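One chain, subunit A, appears in both complexes that follow, with subunit B as partner in the first and subunit C in the second.
Entry: the complex of A and B
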């Protein structure tokens, strides 16, 4: 009798899960005039949270990143500076009341804040140049769909002290915010919020911290460092090896960390990129898609090859770094993108990880 | 687990993989706990290999999976979905415990000892199979997706 009671209760909860799964799709299209703002958005948020806890967040299949940027007339020169630089990754919750038309105002405010912070702090540092300039600018074309908000860039430049005509401004710090295919997050937030969950920074830690504080105070958002675990690194390795390249600029390299005392050991494994591509091609079945089984098989082939030669089980170690001709990623949340063709694809995966971390 | 107070004699045998050598005389095994370290794919592969050597009668409630390392998400190389699917395939309960944390270890030990008592038939009115069906009904509908 007791057992029947338990099963009855389980069936009821199952029905409510089914119901909640079907409503989000319907509510977005069939009730556009429904403006009980609080209820609707809170409901959507609850549904998305419920979806996350009961269903697996990582899809077993994923598309291979396609090569095109959204707008074809995007100036490659403008995005070229995003490549070949090491970026530290953070996930960012949606920004409250952020407006693209106020960028000049934000530049001014952030500039004042940075100067104030630097003056406030430590002892007098002779030679510290307080003549800095902060620039906010939009990055056109860095988005997945039309729904994604525009990416924008923040730069700190040092203004040269010389009153001469050719002032050379050195870029001290760069950070940019973007959102690629962020539909799952965009659905759950209200109009006042701008969703740009992925933040990439290049420059000193202290500058990143100051700018982070300003954003958090001004837009009521929250930054957190985005770490990439071994599971996701192996997905990246498979997806980037799958990308068609005209010529390879770097060898495909993996780095594993062996946890042992007193010091950890690092194992580095380099493969010729064409060999890696050939291995991938032999594993890959469905065109245009990457599945979990294919990723596992790809990695297992590498592990067993290594084991055959060195009798070391790489699968018992932790994958820490993956480096290919498309991009390289480190588990601490550092990324370097080498190929402009797959920039959007790489950012799309990172956006997904950032959204997962926020939720 | 050995620190827990138990009415009858409790013996724990640790092994890296199965099958156990058959040359040794050992008492009846009441519960097998497979410990899977989510940080290591090797651990999963080892478990899958060992599962092949387990007699089918054990899967009626005398086997359970213990996944450790879920707390440090950044170190995980196995997705949670994989172990959930494994537990589902073998119709056995899956428990999560960060064995590195003292408090969680103590709680999990208590739970395992209780399970062991049921599996050994020391708790009147509840058998291993009963326990299995009770534990199964508390798992979510995500299993439908697999």
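Entry: the complex of A and C
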């Protein structure tokens, strides 16, 4: 959706560095300070790239999600509406000159932009009410460390026009921006940039597109849909199975898509969550951590149990969805978080994926 | 009258159930009204039959007359559509005051039944009817939508009206009635005999990589051929009936060849629910072994679906 969009400042500096230093840089602004900011920013980026010792995209071990200390600040009521909803994931490059003290102003500007876009006849739905309200607000406590920037939320509400009705506003669209344990990215940007690499949206695609366009124009950033490959889905399944739960609200389920022709075939494999946990506990060796070896063994056990009955090699097919009592994730970049206790843990993994996509 | 004819008539009449006897005798039209009125049908059956045979002897029944009686019996033995419809409707109406029942007969001796369900106090809901297709020459009926409340009543109505003893739900579901029919009536393997055809090797289409070692090529051909042959033997050469899914509820212990210690002490089985979905499941399963995604032979749990006429299974350790 944003692939043909405006190139953000973030990307622009990267491109221009490759060109010869003597040629003047094509930039949206001609102020000399911008050039220096760009160069400093870029130097820091190169340093961080050199620090990476291997090209393996994900670390060989991760901490099992646990209740982070900061979570005590989390307003449970506000956070409750983040749960049990399906969110579409995007990675977002750092926002240039974004300020938390301007949220009211942003609400006004975005509101005007949306109304203007809709009046232009772009993405108008029949019978849609133009009477909307845009609200920017911060989400306290949705962060990994104190260094992470504050998460914020954007909501579009429709205002009821009839005076007789209770003035109840219906939420048309919700999107939130966050950063959980984003140190690797934070280290590389200057103060003018706010890093909130993970963006989650719920609502129609047309609304997401309009809002994304406004953000890109206003803060020189770049959205990119965040797909989750089978490798990361397996990790998520293992990690979420490893989480300690008082009671299970959902069965543990995997969905594979089999590349056979001419007909497609989907295989859904649901296992009782207590049995999944028992299997994990039998595989798990390192306390407090999950290793690549353990993830592989866990998945291999599931594959071999399946093969014993059906003689089908699930490893030759494509894992597209995993679902547990903690959360469920789909390869198209969709997530649903079911457990508030591990909200931060789930977001931490997603932030990692988003940062990797940006870099 | 010939002894053999008398004996034949006696045996034919003995086979007729008492409640149908008068109807059949009237349809036969050999004995007159007056003659039938002389018989006390409330006696023991043997006595009634004896009396009837004696009347037939008096009237000199011939072989042709006896044969005609036989045909009439067969005809009534065959399905009485009117009686079925009346009985079915009556049972439902007696139980629920409000119910709409409609019938439509089609070829192949099938009767389509539409039922709109109400209750003692509410009118029938015409927007959520149940459809039933009953093949009168077979002990099978197919019902649409999942009934919960009215399933036992529908089962009872079908059983009684069709004069069977009990109704059993089969673990077979699909959106395609023709496929269900094909599986239930075993009509899908009409060209079963041809599966033993010996097609020469050259005519089969096997992809070859000419740059490979000739020994490996040979092994690959042998393996590919083996897979093709087994797949063909299992599934046959004919198009598969169309099913959309198969579901397996597994409660089996974990036994791994990977690592003997995993879950070794656990007595309880793993509780799994596995569901295969596809626009055309059996064709998709057939393509798995040749594609290398599954072993050949494929598991009998999958290949037995048409034969066992099931697509819902519960599997436990023996």
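Assume the second predicted complex is superposed on the first by the 300 of 359 C-alpha atoms of A that agree within 3 Å, B and C clash if a C-alpha of one lies under 4 Å from a C-alpha of the other, contacts with A are read in each partner's own complex, and residues count from 1 in each chain.
Quick note on the criterion: a residue touches a chain if its C-beta (ideal position, glycine included) is under 8 Å from a C-beta of that chain, and two chains touch if they have at least 3 such contacts.
Since we're looking at a predicted model, the values are computed, not measured.
When the two structures are aligned on the shared chain, A:258 is found in touch with subunit C, with no touch to subunit B. Of the two partner chains, subunit C is the only one touched by A:279; subunit B is not. Legend: residue contacts after superposition of the two complexes on their common chain; A:87 is shown touching neither subunit B nor subunit C. Using the contact criterion defined above for the overlaid structures, shared-chain residue A:229 touches subunit B, although it does not reach subunit C. By the document's definition of touching, of the two partners only subunit C reaches A:269; subunit B does not.
Once chain A of one complex is fitted onto chain A of the other, the partner contacts of A:316 extend to both subunit B and subunit C.
Of the two partner chains placed around the shared chain by superposition, subunit B is the only one that A:331 touches, whereas subunit C remains out of contact.
When the two complexes are superposed on chain A, the residues of subunit A that touch both subunit B and subunit C are 313, 316-317. Considering their complex, residues 39-43, 45, 73-81, 130, 133-134, 137-138, 140-142, 145 of subunit B touch subunit A. Chain contact summary for the complex, subunit C toward subunit A: residues 248, 250, 252, 254-259, 261-263, 266, 268, 270-281, 283-285, 287-288, 291-295, 297-299, 301-302, 315.
Across the interface of their complex, subunit B is touched by residues 3, 6-7, 10, 13-14, 17-18, 54-56, 58, 60, 227-231, 234, 292, 299, 303, 313, 315-319, 331 of subunit A.
Of all residues in subunit A, those touching subunit C in their complex are 251, 258-272, 275, 278-279, 282-283, 297, 300-301, 304-306, 308-313, 316-317.
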